[in-house]
């Protein structure tokens, strides 16, 4: 026989104004199973909570009902109080007689009657509450960071410095990402390589960081605290343990004319190569698509047609027959930092994007994009930092910079703002003027968006000190005119057309989500927005979390981001991961479904409807040990407690704790006590 | 029909001897296959129909010599798939089963496969091409189907060439005749009546229920070990046979079959008090067909409508 | 056979009769039915809409209403200006509240704004496949094979996007598709959508000449042998004023209507396409093209014959070989 | 609301999801939106948890009407519970109507956490329409003899 205590709150006058709280307490006193009932001015106050604790001890109550405000308001408060009194916290429930009664009714009689019903209903529920323990899930204190750009590196370093192992995977041959391609960075103009390279090395040498380059995520299983990640190590053809990065193979390789991805096509590379001199790790990858030997193999030639790199390698590190291999890593948290790609306006455009044929990109050699200019301006670039135009290698005397190519243009491109272009175009203009003093830099912009510490000062400097001409307006057409590049634009401030005979044009093309991001998101069961950027859990309050617990997001894979933002996000994910790892076990409300194996027939209908894939099929064995059937099993770590499985279970063999059939049945029954 | 009818007559004569008429090639084929399966030991028992004095009835054939007992004609109304129901583990104990099935019955097998209650390898299915069955199986010999004696559910049968079976015997059969009143027509007639009359009709029907649960026991798809109706704590469905509990039971039975019922009509045929359950079952089929464009088939891969959803499902009834 | 309500507009009945003639001829070839709207009236371009918005919408609306009343679903308006006005009117009526009512009051007849409006380029682009097939099927060698043509869209055909919308307003390709369907080579050039200034053809001739020259020079610079247009104004302007536009000593560049180009590909006679009506003589160009085509054709035939001869020889040799094989077989 | 009272006040049981409708009802409270007092809520984690048997039982126990309410499509806290509920209740709604239960006794609605006002309207509409229908005597009449005498 349960002994339940009912505590009716006045909430000052919020409840007692319309509900006769004494009457409620009185009525409940006589309710079967109620051992104690009283009313009090403020139940949530310390004396109020004390009242509950004392009552529990004095009347050794088996359950507690607080008739007060919404459980969303104070359930935790009172459960804590009950817990302190030595009663299991889940034996306490709240009857909402404020939001759902006193505040929405005027007639005192009606309100009081309703309040009594509500209290009774909850009393009936509590009669069937079970003492429960909060669920504890073990946490694997290792993190996976996907993407070795600045965001990924930062996140990995923060977590590793916090004393936890990190698995950092990068799909390219070297970490560094786009930042390693940049010349100098706004607003301070410090050399990108100079600030990044040390970080790359640090990450590489960090005892807590396990680095996989030339690798990709194959599959992800499990849940927060307990992920299993399958990683595909793409065939490198170079033994990473033997290679000492001497570069002899590169020198020996006869295929030297391959456009270098790192140089954005402005430089050349060999078939076996490290993407750039400062690559980390400094271990080459053999590009089988372009390698003579593999071309020969594809043709099915009997003997190998090349092998120079293998001959050249004194360490014998080169192996033409390596294949993709797979490794599994157990981690407790995942940080996604896959970054962005540049909107390639010249080539085929995906659904919904028209492209800019009229800008001549791809046809006019001296029309280049932002990354290409970065390479031109970079001391380690193909021109050793000299600004020379691709077509004839001469120094351009007039350079036009076009903002918002693709961005903020729903008609043809993408509707969002790529955020970094205003700043890097200003930087480009500045860098150009620093290198070509007698040159003319003209930038066409829509709006100058320089919101950021020192950003506006920076763009002003480009204009005022370095004399870059900023024209507010769009460019309608760019085309070749002899050895010039004609740019037709419109100056909306002066209201006149502008025609510029430029030597080179730099298009500030939009930032786009990386290829394959949707597939990755699927593997991680996180969602992406219409543009393929990963959705954060809450745009304001949970910016680096995703809607899948244990998966976090940093940098430009979430939205266009500049370096400081990416780094900040990365450190934020670091902090999130650390706090997740701060406990050995995760605590969760025990609102999870439990299967009755005696009556379950294993139809797995529950598995069909589970939004979290928490239901597994489990074999059951007879006494003699042979498998005699299968039943459903709900993984408490994954179950979030929606109870959909229970509603579809024909034989009623699933019970959702804290909302069991018995509890609900009793609530429904209680309602027939209406007078 | 006449062919099967005559075929049945002879087998009615017993062992295919007397009776005068000849056995249909279909039945001959059926017996051949059954015999081979038993002889080869591919199956331990063949479950089919045999001829009995008062009509066709289920038979378990374990001896190849007795394969000639097997018949098929319009009197073979029973859905033998009920013997595959996991609740009947005593049948499973006989060993691997060879089952004779009509097109409608096969759908129930698909249902069991769909719900992981049966392995395809656990059973050999011998399909019989069927031209419809009688509403009432208790006839000394099969007679030609007429609008008055045909089982209404056979009208518009959509599985006359079952795909799921291992063997398919008999020649293609003519369409079953249109019954005097189709089930859909009866439903339409009922729906033309005002709510009060419908309520009166059904509560009257359900109040007859004696809670023998024959409908449940015979249903090939009522697979639960412990039926919700037998569950206490809480007892959602009052067990004593009074109008209120009966209503809960019948609503629950219906909902549990939504999107699953294959319309074999056995529940109604077995109901000792004659509750027109096929009206409810058919109505359910209409609902899922209209709302979710779903018609139960004999494809085990088919995704059942309940337990599935589309983002743009109709919700005209929701505020 | 698809049927269209045909709205020629003033130009196609007057200064640009060859556009009308060539369009009808080509349509007939392609199995497209054109029924001229009975009692059609001026679309109002450009004076109408520059004077008064309601008038600017009412004038085209009247013609659309007629088409609607005469049971048509789609109106074909070849003149870029007409096309633009008719489309603009549809958009305005569809989007501006209350306009629909006041319009049917003004034009004094009900109007459901149900008829679509299309231009000649749109029409031909969608028929590109048919054009290609038919061009291939014609007996005479296709004179357009490989000739460099510059597709010139001008302003009203593709802009503004919300009015036209069937092609990219800044970098259209529809006419290029038609040209390449004709077997010709649609060159990539820069003045596709630049204004030719036709509106000022009379009032400010000097600027018109300047604008026109830019277009013609660029086309020539990219190797065009003719410019293809789909707008009577563009045509008359570039055609009529070319003497003034062309630099000294330059051969003038023929200006062809897209329908005439298609007509040539389909093997229609220059006369039937009104090609003799232009100020810049098209005769030399066509003569040259036909000549080249004939030469190409002859060459091809020669090559074929040689190939055939070779094949025959080979076959003969094989026969002998096979015969030999036979004998051996017999011996055994 | 005993039978003695001539003017009939319906009893309505509401099954609501914890995240949207229950919170929306809280909002109605905090915004002091007055509404009919005939509705009693039963809080559930999700509409996906709601079994038609709950409704049947509510009628058995003397409810004159029921309300089922949860998150709008795409807003489900558990991503898809409400979609499953939608199908379940579509079938339930249709079959109940088929056996002669007036659909106006069963209100289904989507009420988000921010729709306090909508919740008030749902409640008031449900109460008015059930009031017009009168008490669900037809169902109570099914009760066994003994119970009815008691």
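Labels A, B, C and D are assigned to the chains in the order they are written; within every chain, residues are numbered from 1.
In this text, a contact is a pair of C-beta atoms (placed from the backbone, for glycine too) under 8 Å apart; a residue touches a chain by one contact, two chains touch by 3 or more.
On a predicted model such as this, the values are computed, not experimentally measured, just so you know.
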Treat touching chains as neighbours and tell me the shortest step distance from chain C to chain D.
2
Quick check on this structure: which chain has its C-alpha centroid closest to the centroid of all protein C-alpha atoms?
A
Counting C-beta pairs in contact, which comes out ahead: A-D or A-B?
A-D
Where the centres are mean C-alpha positions, what is the separation of chain A from chain C, in Å?
52
So, in whole Å, the Cα centroid of chain A is separated from that of chain D by 39
How many angstrom lie between the centres of chain B and chain D, each centre taken as the mean Cα position?
37
Of all residues in chain A, the ones touching two or more other chains
609, 648, 665
Can you list the chain C residues in contact with two or more other chains?
none
Contacts with two or more other chains, residues of chain B listed in rising order
228, 236, 306-308
What topology does the chain contact graph adopt: line, ring, star, complete, or other?
other
Provide the full list of chain pairs in touch.
A-B, A-C, A-D, B-D
Per the touch rule, the chain A residues reaching chain B in their complex are 598-605, 608-609, 617, 630, 648, 650-653, 661-662, 665-666
Using the touch definition up top, name the residues of chain C that touch chain A in the complex.
161, 168-171, 173, 188, 190
What does chain A use to touch chain D in their complex?
70-73, 96, 98-101, 103-107, 110-111, 113-114, 117-118, 121, 591, 609, 611-612, 640-644, 646-648, 656, 659, 664-665, 667-669, 671-672, 674-675
Chain B residues touching chain D in their complex are 190-191, 195-203, 207, 228, 236-238, 240, 242-244, 247-248, 251-252, 254-255, 258-259, 280, 283-284, 287-288, 291-292, 305-311, 313-315, 317-319
Residues of chain B touching chain A in their complex?
86, 115-117, 223-228, 231, 233-234, 236, 256, 306-308
